[in-house]
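Pasting in a structure now, in structure tokens, and then I'll have a few things to ask.
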Amino acid sequence: MTETAVQTFRIAPKQNGDTEARRLAPHRIVLALIGLGLVAASIFFLRWDWLPNYYGLIAQGLWRTIWILAVTCVLGFLLAVPLGLAQAAGPAIVAVPARAFCTIIRGTPLLLQLWLLYYGLGSLFPQYPWIRESELWPYLRQAWPYAVLALTLSYAGYEGEVMRGAFAGVPKGQLEAARAFGMRRFTILRRIWLPQAIHRALPTLAGEAVLQLKATPLVATITVIDLYAVASRVRQDMFITYEPLLLLAAFYLVITGVIVFLFRRLERLIPSKLG
Amino acid sequence: ETIKVGIAAEPYPPFASPDASGKWNGWEVEIAMAICEQAKLDCVITPVAWDGIIPALTTKKIDIITASMSITDERKKTIDFSDKYYNTPTVILGSKDVKMDATPEGMKGKVLGVQVSTIHQVYAKKHFADTAAEIKEYQTQDEANQDLAAGRIDATQADSLALETFAATDAGKCCEIKGTVADDIEVLGPGVGVGMRKGEDQLREKINAAIKDIRANGKYDEISKKYFTFDIYGG
Amino acid sequence: MATAVSADPLHPVTSEQAEAIHVRDLHKCFGELEVLKGVSLTARDGDVVALIGGSGSGKSTFLRCINFLENPTSGVIRINGEDVRMISDGHGGQYPADRRQIERIRSRLGMVFQNFNLWQHMTLIQNVIEVPIHVLGVKRDEAIAIGEQLLERVGLSEKRDVYPAYLSGGQQQRGAIARALAIQPRVMLFDEPTSALDPELVGEVLKVIADLAKEGRTMLLVTHEMKFAREVASHVMYLHNGVVEEEGRPETVFGSPKSERLKQFIRSVS
Amino acid sequence: MATAVSADPLHPVTSEQAEAIHVRDLHKCFGELEVLKGVSLTARDGDVVALIGGSGSGKSTFLRCINFLENPTSGVIRINGEDVRMISDGHGGQYPADRRQIERIRSRLGMVFQNFNLWQHMTLIQNVIEVPIHVLGVKRDEAIAIGEQLLERVGLSEKRDVYPAYLSGGQQQRGAIARALAIQPRVMLFDEPTSALDPELVGEVLKVIADLAKEGRTMLLVTHEMKFAREVASHVMYLHNGVVEEEGRPETVFGSPKSERLKQFIRSVS
Amino acid sequence: MFELLSPVPPGWGGNLLRGLANSLQIAFGAFGLGLLIGTLGAYGKLYGGPVIRDILAIYTTIVRAVPELVLILLLYYAGTDLINRVLEAMGYAPVNISGLVAGIVVLGFVQGAYGTEVLRGAIKAIPQGEIEAARAYGMSPGVMMRRIILPAMLPHALPGLANLWLIATKDTALLAVVGFSELTLETRQAAGATKAYFLFYMAAGVLYLLVTLSSNAIIGRVEIWARRGMPSIREA
């Protein structure tokens, strides 16, 4: 085919609407200055003398918050994919239980789920001597396994719903093309369906990850001391209101910034054309 | 001028709890009203969620707080306190199956639960941290009690009142009071006081006087007898 | 090349060529609407069957039934001599009994869709190598080499790493053709593969199709290019309202049409 | 009908017909890739301009620039005598200064997309009446009456209440044509409006287009139907790699092509 | 034990139901406000100029990141304090901002940030040609939003929005801080006063579940309607 012969231009079409490298546009300078001003004001006008006493606790809480968030998001998402798929395209045997699971998880407060697991289920175990004597007891006795379990299930429940919509939203033709070439069902899922579903769900998924960050403080109610619990502790100890919360907000902001940044990167892996 | 008396919206019986019709009662509520009456202040009880109670005070949405706040030096940097109006001894409650007493050696190898940001937590950290296997922090004492019953912790430290009440319940049958901890005024502080904004010295004087007066005229004991069998004012 | 298509499937033509597609009395309903009303077809290796007919006459549906993207309401389909077993769904329809069998059959059928259906999350070259690598198990390097060759052949070498959304209509169509060719299928189903192309490219693509037929591959081709149907097809089938109005060798069909409908259809071309 | 197209916009043809579309030196880049390299065109009321050219030569992009679906990188566009003011975006591009003006202009331009772009959440009739009711302010009853007439005209009356996803390719294309006709625009932009149609329907659609031109409407039409370009167009423009290689009256362009490229292109048709 | 749940005092059932009604009221307000902000935000993020996009990016990042408790404390306590001090300095009488309004505004603001992202994803999932067609026929942004973008994105947005709605019904706990008694606070009070923690938390769980089930029923209906014209992706 002879036609496209003379094209001297390198193919690097601007495939994305927002690739402006205008980091230093005037309005950004203004915004940055406002931000700096706020930070400076809170440093000078608020009370930070307590900070050195809590370094250790803050570091520990921060670490707990981060790992719980990361672990539960990853595990929860792995559960959410089958949950979403079962609802979107599965036969009734799997669709109905998946739907019931998502409804119950989304329908009841996380605090309640956490308590049911920890104080309900968890307090059954010690009644059986063989559990107390087993290898597992040191873990079952701890609180964090229950925290991780509850948060994972919660994330899976919400994300299962999101993934259901995302799976159902992939254009039929895209799947038909895959079927027409004889792809196995699992291959279709892995190569075509899941990537496209995830890609369109990414903005929502990022939001749900941030929601999960804000759900982690509940683990404090079962003695897992996260960053939020440290901030509460400072407030109780000192009766100061805003300073520990602002510090907490600053940490959350950084974590959220990282989450948003990572998801943005993922989103931009595949350029999408905007109408 | 009315004085808005802030209490925590989360119930804390027998000190303060609402009934289903929304009326608050309990020892602390009655004491607060008695103080007001004595000081000739026109008071209204205003429940505020614990999280908002300090900002509510500083922005004048409430004027004084009677919510079982222990007086500590740290807290005094932020708000003012009246003299103490009660002080309960600190005890340790432990499982009947486990031998222990309320000393550092007696706690050796035990898992101890305390409520976060209480004088008990500070005390346990200071005196038991070296010997106890672990000190677990709970958001409320109720949770610590439940875990004690479930066997996840061996003992809990709190004021005698809360623990005796719990030990008397069905769930508390597992456990018994193991003893009173040695006093440490630096940590345990002088007791519970009325909180108020900094610099309102006139009001504080009035309230201090009123506390003294109701102790003197028998009102305090009259109210206390309805709730407790022992001397809640403490030594 | 011997044309080995029998209009009457009950009386098959004997031939040394193997039977590639055999469809008998295919019916397809969408709800109340009967789109195919008993279509039969037998195509042997190396046959080029041109499916012509008006818009909405059921051509695409017929193609889609052959690789089971639509479940036929009734009828028999045999691909490469393999009978596809169907199970009744109890509501007047049926579906394939053995999913694996369908997958196996499909992996030997190439398809170019009327609306291309390139995978939007993959660049052009990724689209082309996807099936060879993940269905046929070809090595990656090898698949890329073949893929690049095919893109070259359809004149899309410079668009190798571009996502489909940024291609012109004709470029997408050529991409879809390259994707179908990459699996080197024994049977090819083309749904109007030249609709978005200019006359020059139409000629090229049709030449490619003719070449493939010479290699012994079977082509089933929906087309509005009467010239092509006349010159390259070994068999022409005129579909009207879900019924085969007329079929046969192109000379016959175009030369001496019998039905009034076809006469009118052919008149409009010239 | 006087052909009033000037290849040299600086030296406009004087004519009693008003100037409908005037484009001068249009450039369009996608990133590094320059797709249009200075295209000019003047079309007057009643003109039928056929845009021909190879796949990827920039035909669709040109059409899309005219109603500002793509912002031209540089160049002048004047629609119905109205100059479209552009503002530089400071990065080598430009965008329209006045959104309202663009909307006003667009509502007088009908467009049929290469890939139809029917609204999926509306039935066929809803697609057709949408713009008359919600942009042009036509009364609902009236719009429905006109819409049904148009669906009749393109042979889709029975598909009135069907959603686009359940239509065949040709049916979707005819739906898109009906949608564009429903707004009775002074200027029509057609991007390969017959690509998915059978020869019979192609004839019908092209007749509709010729009729519209007789009413004095202006047509700009990307097409691969050389026969149509030759018979109905008042002006033919051959685009190659973003440059107008040759243009003029169809007799001239097809009869005595000058450039080598065009000669080759025409040879492939016959 | 169940007499504790009786709807009239001394039973706490009535309090729980009142709390539920309050929660729903706040949730409606916040979710509605959030939808409005979210729609505008998503549109601005996709089609706005660089300044709008940057401001929206800051909005969605900060408001989602900062715990609601911090926001409500800042707005309700610090904010009203500041306003009143300014008013006082200028010689006006101090105003009293209602806790309910503050709560709804804060929650709505937060919901708006999440909604922005949910809707942005949904709009991106619309086949871009459909939006181009709307443009090509001269639709103004408002008409295009109402007639094309909103209905076309709805099936993609519904699951995310449903999650947000359910979160809104539960997130009202924060209103306790401003002295508003919604379901969570009522439950805590009932449980704390009677020590029947398990009973009351289960009761609240059941109430929430009922809300979810009825929401599901409605959302399911809406989704079927929203998906009109979209063929099912189940294999034929």
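Read from first to last, the chains carry the letters A, B, C, D and E; within each, the first residue is number 1.
To be clear about the criterion, contacts are C-beta pairs under 8 Å (C-beta built on N, C-alpha and C of every residue); 3 or more make two chains touch, one makes a residue touch a chain.
Chains and their UniProt names: A, E = ABC transporter permease subunit; C, D = ATP-binding cassette domain-containing protein.
Predicted model only: the values in this text are computed from it and were never measured.
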item	value
Between chain B and chain C, the fewest steps along chains that touch one another	2
Farthest chain (mean CA position) relative to chain C	B
Inter-chain pair with the most contacting C-beta pairs	A-E
Interchain centroid distance [CA atoms averaged], chain D/chain E, Å	45
Inter-centroid spacing, chain E versus chain B (mean Cα positions, whole Å)	37
Rounded Å distance between chain A and chain E, as computed from the means of their C-alpha atoms	19
Distance from the mean Cα position of chain E to that of chain C, given in whole angstrom	51
Touching two or more other chains - residues of chain C	69, 115, 155, 165-166, 174, 198, 200-201
In chain B, residues with contacts to at least two other chains	55, 58
Sites on chain E at which at least two other chains make contact	69, 73, 77-78, 127-130, 132, 135, 231
Complex contacts: residues of chain E adjacent to chain D	127, 129-130, 132-141, 143, 147-148, 151-152, 226, 228-231
Chain B to chain E touching residues, read off their complex	9-13, 17-22, 46-49, 51-52, 55-56, 58-59, 61, 142, 169
Contact set on chain E toward chain A in their complex	46, 50-51, 53-55, 58, 60-62, 64-70, 73-74, 77-78, 114, 117-118, 120-121, 124-132, 135, 155-160, 162-163, 166-167, 170, 184, 201-202, 204-205, 208-209, 211-213, 216, 227, 231-235
Sites on chain A touched by chain E in the complex	18, 20, 22, 25, 27-28, 31, 88-89, 103-104, 106-112, 115, 158, 161-162, 164-172, 175, 179, 200-204, 206-208, 210-211, 213-214, 217, 228, 241-242, 245-246, 248-249, 252-253, 255-257, 260, 272-275
Touch list for chain C against partner chain D, complex	30, 52-56, 60-61, 114-115, 155, 166-171, 174, 192, 195-203, 224, 226, 264-265, 268-269
